[in-house]
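Would you mind keeping the following structure in view while I ask a few things?
Chain lettering (A, B and C) follows the sequence in which the chains are written, and residue indices restart at 1 in each chain.
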């Protein structure tokens, strides 16, 4: 069996939570890369991520109490500051520098909290894969930023997003629209040092079902659809979507377009489960709440269609270890992602040559 | 721990499903011998059993769509014919002979679909252990053919059926009737090359509770009950049951008898779970639907009595690996079944000398 | 992974069940030290503990029928006497001395049944850690003796009881009362050959919430609280609690005190789950049923506060094997308990030098 070290790159930024998920005064317990973390917001407004285990006996800090910028364990009362150092032990005068928990670098970018699970000294916020539309008032988001929990390895979700031909079969009545979508040969995939990108056109088709629900155009408008997809490690999916009257990209006068900007972040919770975050922004009917609500509902419907089949796939793969995949022409993108990912793991293992031994817990 | 290969014989026919379980247009996912299978019925009326994993990335074909005699995976649209060969890949012209899934021989005999999990070239339908009464209009079956899922190894169910003394204690109020049933020494068991058979008489007793509910005779009739039992590998139980006025077998003139014909099929789903199929046919009150319904209910009641104790037994055996059984005189039949079974496994392993390595899945 | 032998001492008395838990005519299935046991009461009034697995094929004897002082397996009817010897096999004349199950020494002391899981010949009832107040009419108990099941290793509950500073944080609104409770340095712990004891005073404080609910005194009475705690292996916690007007221990005339006597017994079910028994006796308002009911409720509330945090701790420790605890000054008691416990295991392993091999079950 692979260990966690065979699965994960540690020295990179992972999407951890939308800031809107962090309730005031309430720490959030969440696991990343099989490590338990607690996230809270101190009185100074900063977000903090600590090991979710009191250094004393592994009581969950997420059951603790926020006091100023600190978090107090509610078992025996140890209080930790944002650096993870214990600053108070009730009934005990001396506190050692070892009375501490790990503090993970955590940075807010446009409402997404990014966490760094590796060596803290290497964490550079400039490398956060920020998605500008999240902060650009030109774009109108959903009424609430979205989260789904997957019982599947995050790479199966990457696979899903790496091959749009599934829209034809999985999302016929939501995000796709017609099985013709799959019949068009996949456009070329550009391999990147940390992922891939591709452009996909679907021409001279009706507006897909999800767009029909909110389109300002007449329902029989024939459109060309352009998707421009970027996927970066560890699990950053960004997509520009444009709908225009068929032939719009060769029109002398640029026509009005219906556009979307979409980010989807996949962060491994464990090797078999994933945190999935997403936002879907638009450039039309921006002030209308019911349009946002309709869009949110149909997107959830579509993403549940993925979830059902991906979780079934995970279950079969877990239960039956003998599966040998057969490649398709459309696998270029997913194969590129895996190649980059395993290279990054191998490179990181050179930096950490000593595997961490799992010591059977001395508390039990 | 034993591997699947230590548990199962592959080159034999297993009961897979009643044809009445296969709904029109709806593939059925079912696991046999720890392998995932999908069963569907094509437009030509033939039943097909394929590996329930698209050869591309292990998406479940049971979530697919039946098209003519083919099955289309509803992830990326690959279409498979009944032989398991992929015949269409949307957006891709070239299809390789490796784009295929395993197709399991599957044969309908009297409403039972028999599956062959081993080497397809050895599958000979003439060796299917068909039970003739299933197709003989002389016999009247239950309103619906029956299925139960067991959280227990199928050999514990074989054990149960190999020793009828349990009727006295487990089924006092349903299939048995009196604890005297157990006191009669077990009749001799005939050992067969692929199982065993025995005859068991219970003389000068009242009609058992299940018969009381449907008997055309007066309720205080004293009867002799004859059971003639055959058990064959892999898990085929056939029983003729006859009730007549006490002493009927030595009467000069054969009296009217109340007779049943019963088949019970146990097919391993995994080493710890079992598919259990059964039918119970009678030669009296044949046109009466309510009699059939009453019989079905009381049989289910009786079989649930078995299920409760057998699943408890399984749980104890799983949780506590130190159990050492003590033999009873009545163990002859079950010991014979195990002996034959392990001989068959050993013989089959000589044919397949190379154990299949379980390769950690390259998809994940 | 540790085996059961690394966790448990076998040659000692464990709390098994309150006699009030044993219903007339109904055997009780319960697991101790990962071994399945059935407890029942025979017609002669004696309590019996047998292996909960019929020696034939591991059917659960707890699904059996009590007949006189014997227990009959309701699968094939084998009947066992209180020594575990099979005394009847329906349909079989000869019974071997091997047709038997293990009978565990089981002794009633004041309503608690104590079981001996080790070598029966070493079981000496004089060594049962009996708690006298359970039988002393001076003390008034709760309306019903109490049981909780924990999804946690029993030593985590021992830890909890070994450090009373947690009352300040876990039980602020039930058993504690103020966070000042934790600020007082822990009193010295006396190390015992088989555990530890300590005295803890909390002076000049209000009556804690649980006492407020039933106190005969005015609610603003300022009290000194004395707890005298003893903890013995394998998991015996005994506590005397005294409340008196502040300064009561140095008054020339002994004042009236509100007193409690409390026992808590932790018995490992498995290495990850625990049986937790307790009684809470008082010396005031003794005849009043509603006082007993109120006390029972608030104690359950307090014990659930422990259960929530301890089970969360267990879950984190199980899921993340890398935890390294940091000691606190208040760990003296729990460290002493672990030291004694592991010494006792090591000493016992010298007596049983041969580890029991777990043989894969020949029934399956």
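One rule holds for everything that comes next: a contact is a pair of C-beta atoms (placed from the backbone, for glycine too) under 8 Å apart; a residue touches a chain by one contact, two chains touch by 3 or more.
Worth saying up front: this structure is predicted, and the values here are computed from it rather than measured.
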(request) Touching both chain A and chain B: give me those chains, sorted by label. (result) C
(message) With touch defined as above, tell me whether chain A and chain C contact each other through largely the same residue numbers, more than half shared, or through different ones.
(response) different
(request) Could you grab the centroid distance between chain A and chain C? Build each centroid from C-alpha atoms only and quote it in angstrom. (result) 46
(request) Specify, in ascending order, the residues of chain C that touch 2 or more different other chains. (result) none
(request) Could you please specify the touching residues of chain C with respect to chain B in the complex? (result) 34-36, 52-53, 55-60, 63, 72-77, 89-92, 94, 96, 98-99, 356, 358-364
(request) Give every residue of chain C touching chain A within the complex, in rising order. (result) 1-2, 153, 155-156, 159, 163, 165-166, 168-170, 179, 182-186, 271, 308-309, 312-314, 316-317, 319-330
